[in-house]
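Naming follows writing order (A, B and C), and every chain is counted from residue 1.
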Amino acid sequence: MSDQKAIEVRGLYKDYGGVHAVQGVDLQVDAGEILSLLGPNGAGKTTTLSMLSCLLTPTRGDALVMGHSIRSDSMAVKAAIGVVPQDIALYPDLSARENLVFWGKMYGLRGATLKQRVDEVLQTIGLSDRQKGAVSKFSGGMKRRLNIGIGLLHRPQVLFLDEPTVGIDPQSRRSILDSVKELNRQGMTVLYTTHYMEEAQELSNHIAIMDQGKVIAYGTHEELVKIVGGLDRIDLTISVPLTTKDESAQVLDAWRAAEGVRKVSAENGHVTLLVDDSNQALPRLFEAAANAGVRITGVEVREPNLEAVFLHLTGRALRE
Amino acid sequence: MRILDLTLKDLTQVLRDRKALLFLVAMPIVFTLFFSLIFGSQGGTRDARLPVGFANDDSSSPLSTHLLALLQDSDAVRPVILDNKQAAKAGLSVRDGKLAAAVSVLQGFGAATLAGQPAPVSVIAATNDPAGETASNAIDAAMTRLLGSVQIARSSAQSYEKLKPFVSAAERQAYLEQALSMTSNAWRDPPLSVLVESATAQTSHVRTAQDNTDQSSAGSIVQFTIYGLIMSAGVLVLERKSGALQRLLTTTLRRWEVLAGHALAMLLVVLFQEVVLIGFGQLFMHVDYARQPLAIGLVSVALALWVVSLGMLIGALSKGEEQVIMWSLLAMFVFAAMGGAWFSLEFTSKTFSAIGHLTPTAWAMDGFQNVILRGLGVHSVLQPVGIILAYAAATFGLAVWRFKFE
Amino acid sequence: MKMWDIALKDLVRSFRSAFAVTMMFVAPLLMTAIFYFALGGLASGSGLSVPATEVQVVNLDRPAPQFENFALGKMLTEFLQSDALQGVVHATAASDGASAREAVNQRMAGVAIILPENLTKALLSAEGRASITLIQDPTLSLGPGIVKGIISQFVDGYTGARIAANVFAAQARERGIQVDVATAQDVALQYGMWASASAQNRNNGQNPAIELQAPPSKSAATNQRALLAGLIMAGMMIFFTFFTAAAAAETILTEDEQGTLARLFTTATPRTIILAGKFAGVVMLVLVQVVVLVLVSGRAFGIYWGDAMTVTLLCVGMVLLASGFGVFIMSFIKNTRQTGTVMGGGLTISGMLGGLFTTGFQNLPRAYEVINLFTPHGWALRGWKTALAGGGVSDVLPTVLVMLGLGAVFFAIGALLFRKRFA
């Protein structure tokens, strides 16, 4: 990674009437690094990305992409970036090749250069054999790969990927993640939004955790995990879904009140807790459950991770 | 019972869809209003005869006045007096369709004609155009009548002269003019006449050439009932697309019950449209549907059943909404045109008429016309209704067989 | 360059859509073909031909023995059954009025003619009167009208002779001269000969009393069927052109919903160029459609649209008008769910008000023709009708200029609204 900043975000705001979608985001991404924006749905990740892609005008603030302002120099920004939107933006009645040729032209490629580049991208995304097929007949994974391929045509300096692995099979997801790492290895700066902790953890040099329009934490994976310090994470599976208010209030309150328990988050039959020491906390948790008539059917003790960080910072699970 | 539940669900969706309601109610009325404006209602005051320009450079002669009167009495044309400026542009007016033809009576026409010398009138008409041909024929008929009157006057004068010579040219002229006048009066009440009656069971209503409201009202009903194809076909495609159809099939509901539930809803919708149109025709276009409600009802229901089953077939075969619209519109155009909803099959060739009568729409038109034009009763619609129902049954069977449930 | 890439991409997509191709070409040509075929087929090339009318004749007329058994009813019946009228009338003798009427009710005959008992007697007596009754199928108009015309023309010849005799006798009587029957008959005979010669001339297409001229036209005359087909084709062409333009403009909304428009906006292509490309796509598509329809319909139906320059002007005018209108109406639409109403209902109603569905009808109310011109369709139709009637460049130019002006205004408003929304 170089010293030059590929992306510098300074106090970016976006308001929609009374809704503050993005509230004062500050970020820096070094050239050649991968930054993940991690957060639940509605955190403001896509809005931030849309502003950096010059699709939305910020209410306040500015950002520089490869030294160009998104407010005053949007054309230069667009020339430098490739965008892979969350929703698959393809022409279903054109073939894969035809989609690539068209988008290549939109990115300013022509003639032999375009042809060569299209061939290369088809190879990269593994669709050379299906290049003449209508996109409407592709599987979800194939469409995602093509969606990514379009963003790569003009060899952008910076690649924005907005949740590229949503709703696809594990094999395709694996393929995409490997591709992103390979692109980065070749020198591309990547800004990657996701709500999957494992992806952020695997890919990123730095991670910015977003919630409710703000960056609530930033750093490397190790730095972020240190926020939760020596806390242990316990995941419990319980026998009842805690549908009645009384039941859930009773057992959750009991757990929150238990000694050594720092945070509790519940979603249907799964409860996530941050505790000082799992060995000491577990018996207390079981006792409280028994008193409440709730049966614990599964226990997992984990190393602190980004989900724990999120839980610690917001009191909510990353995937709520 | 579950069929009815499915029907009710469809009807609820239709009622909540403002766009659909607009198509169901507003469009048919707008179109029917439009056609009634074009063709005029019964007893309307608009003179629907073809306009023929009349430029008279021989206004002192009784013959040109007589010719004008003959044109005014015509069933097919009505004269429009042209001044000098308009007369100079008469050719352009005919070309642009403002006039069906233009007649120009030159100076000296009357005197020359009475003297037995050729004095043709100038007529501008496009005889390769139906209106021009009609106008030209009407002018021809008027001129023939006029010249016939002149012939009578001249024969009378010649024969009288053999018995008693005229003392002066003025006396002869007066004789001729009197003969013309008497001839003209005699033609107004000829000894031999042709009386036209309509073969209706109810009244001796004489149908005029311009009285097209019966045809256009029945045609509107048939046309808009077929329009219901789009909705019938669309509802199936949307169910399949949304996944609701597949979900229905995971219940114990049978396939034919699914189709029947949808078909029943669409049938009610189409029938509602027909009621609106029939009511409109009865109240505003004075078409007497109410005279035989059972007969009209039978034809309406049969037609609606066929339309819905055809819609089901299109829905069965179509992959998406675009195909639904495409096939529905094509079917609508073809069946409406070939069935005589747009123009009477009387005007078509024998082959076309025969092919047209293979369509259920032609039978529907026959059924409606048997009642409203021919004044017949229920018995006259039984055959058309039977044939339409047979088509409906066959089409529905085909729809069930071909329906892509997956 | 990118603008044309976008336009070309849209063109390719349109031509791959069976729906688009059907609505652009198949539907208008099919509709016109149905009308064309309905009017007698391709074989005969002159006027409209109508199938012969089935006629049942009930001849109750009694002959006049004093005039060598002259019987007008018999003569009329034989005339109706003559070879000369075979193509127009198929006449068969019926035994009585009731059975003839029933034949009409059963649709076995279009017309029943009842010749009264006193027909000949009325003709031959000075004061006699008689009516021939024509009972027609109420669902028919053309055939019975033709039959009535034939009978009237036949009877008029005799009526005229009677009137001639009566008028002469009355005039002579007024002047104190009693005319004998032979002299009166002579006058009647003179009339009869004149009427016969006149009828012969007219049947041969000659009427020396009329100098018939065609209206001024810069084009070759076309036959009736081709002219009617031209009028119908004009209406269909305009309707489906406007539909295509709206559908093409709708792709802006579709791309917005699909996300490809946003993606286009992330490229280094100015938004105005992107929108211009979409608009250019609309124009190109409509241009192809119009050219194909004019050429194909001209060949298929023998329609002579006009000279090359006139047709070119009208094509350009209509393309820009339809494209502009399409962009204009779509600029008001929020999403593709609303387009069905606009395209299905709005365009149909405006087409109807523009006169597109009544092009084959004659003598429409003047007020309606004025209403036509409140729609862009009406102006396009006016232009094509002028060309079909034989108008040249100078005749269509004012209309074309209006079309271009309207097209430019619609386009400007639509483009402005789209730009406001997206750029």
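By our rule, a contact is a pair of C-beta atoms (placed from the backbone, for glycine too) under 8 Å apart; a residue touches a chain by one contact, two chains touch by 3 or more.
Quick caveat, the model's predicted, so the values are computed rather than measured.
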item: Partner chains that subunit A and subunit B have in common; value: C
item: Higher-contact pair (C-beta pairs counted), A-C versus B-C; value: B-C
item: Between subunit C and subunit A, distance of the C-alpha-averaged centres to the nearest whole Å; value: 66
item: Centre-of-Cα separation between subunit C and subunit B, whole angstrom; value: 12
item: Residue numbers of subunit C (touch at least two other chains); value: 17
item: Residues of subunit C that touch subunit A when the two form their complex; value: 2, 5-6, 9, 12-13, 16-17, 258-260, 262-270
item: Of subunit A, residues touching subunit C in the complex; value: 53-55, 75-76, 78-79, 81, 83, 85, 87-91, 93-94, 98, 102-103, 105-108, 150
item: Residue ranges of subunit C in contact with subunit B within the complex; value: 17-19, 22-23, 26-27, 30-31, 34-35, 37-41, 47-51, 101, 104-105, 112, 119, 122-123, 128-145, 148, 151-152, 155-156, 158-160, 162-164, 166-168, 170-172, 175, 177, 179, 183, 186-187, 190-191, 194-195, 198, 202, 207-217, 221-224, 227-228, 338, 340-341, 344-345, 348-349, 352-353, 358, 360-365, 368, 385-386, 389-391
item: Subunit B - residues contacting subunit C, complex; value: 19, 22-23, 26-27, 30-31, 34, 37-38, 40, 46, 48-51, 91-92, 94-97, 100, 118, 120-131, 133-134, 136, 139-140, 143-145, 147-148, 151-153, 155-156, 159-160, 163-164, 175, 178-179, 182-183, 186-187, 190-201, 205, 207, 209, 215, 230, 322-323, 325-326, 329-330, 333-334, 337-338, 343-344, 346-353, 356, 369, 373-376
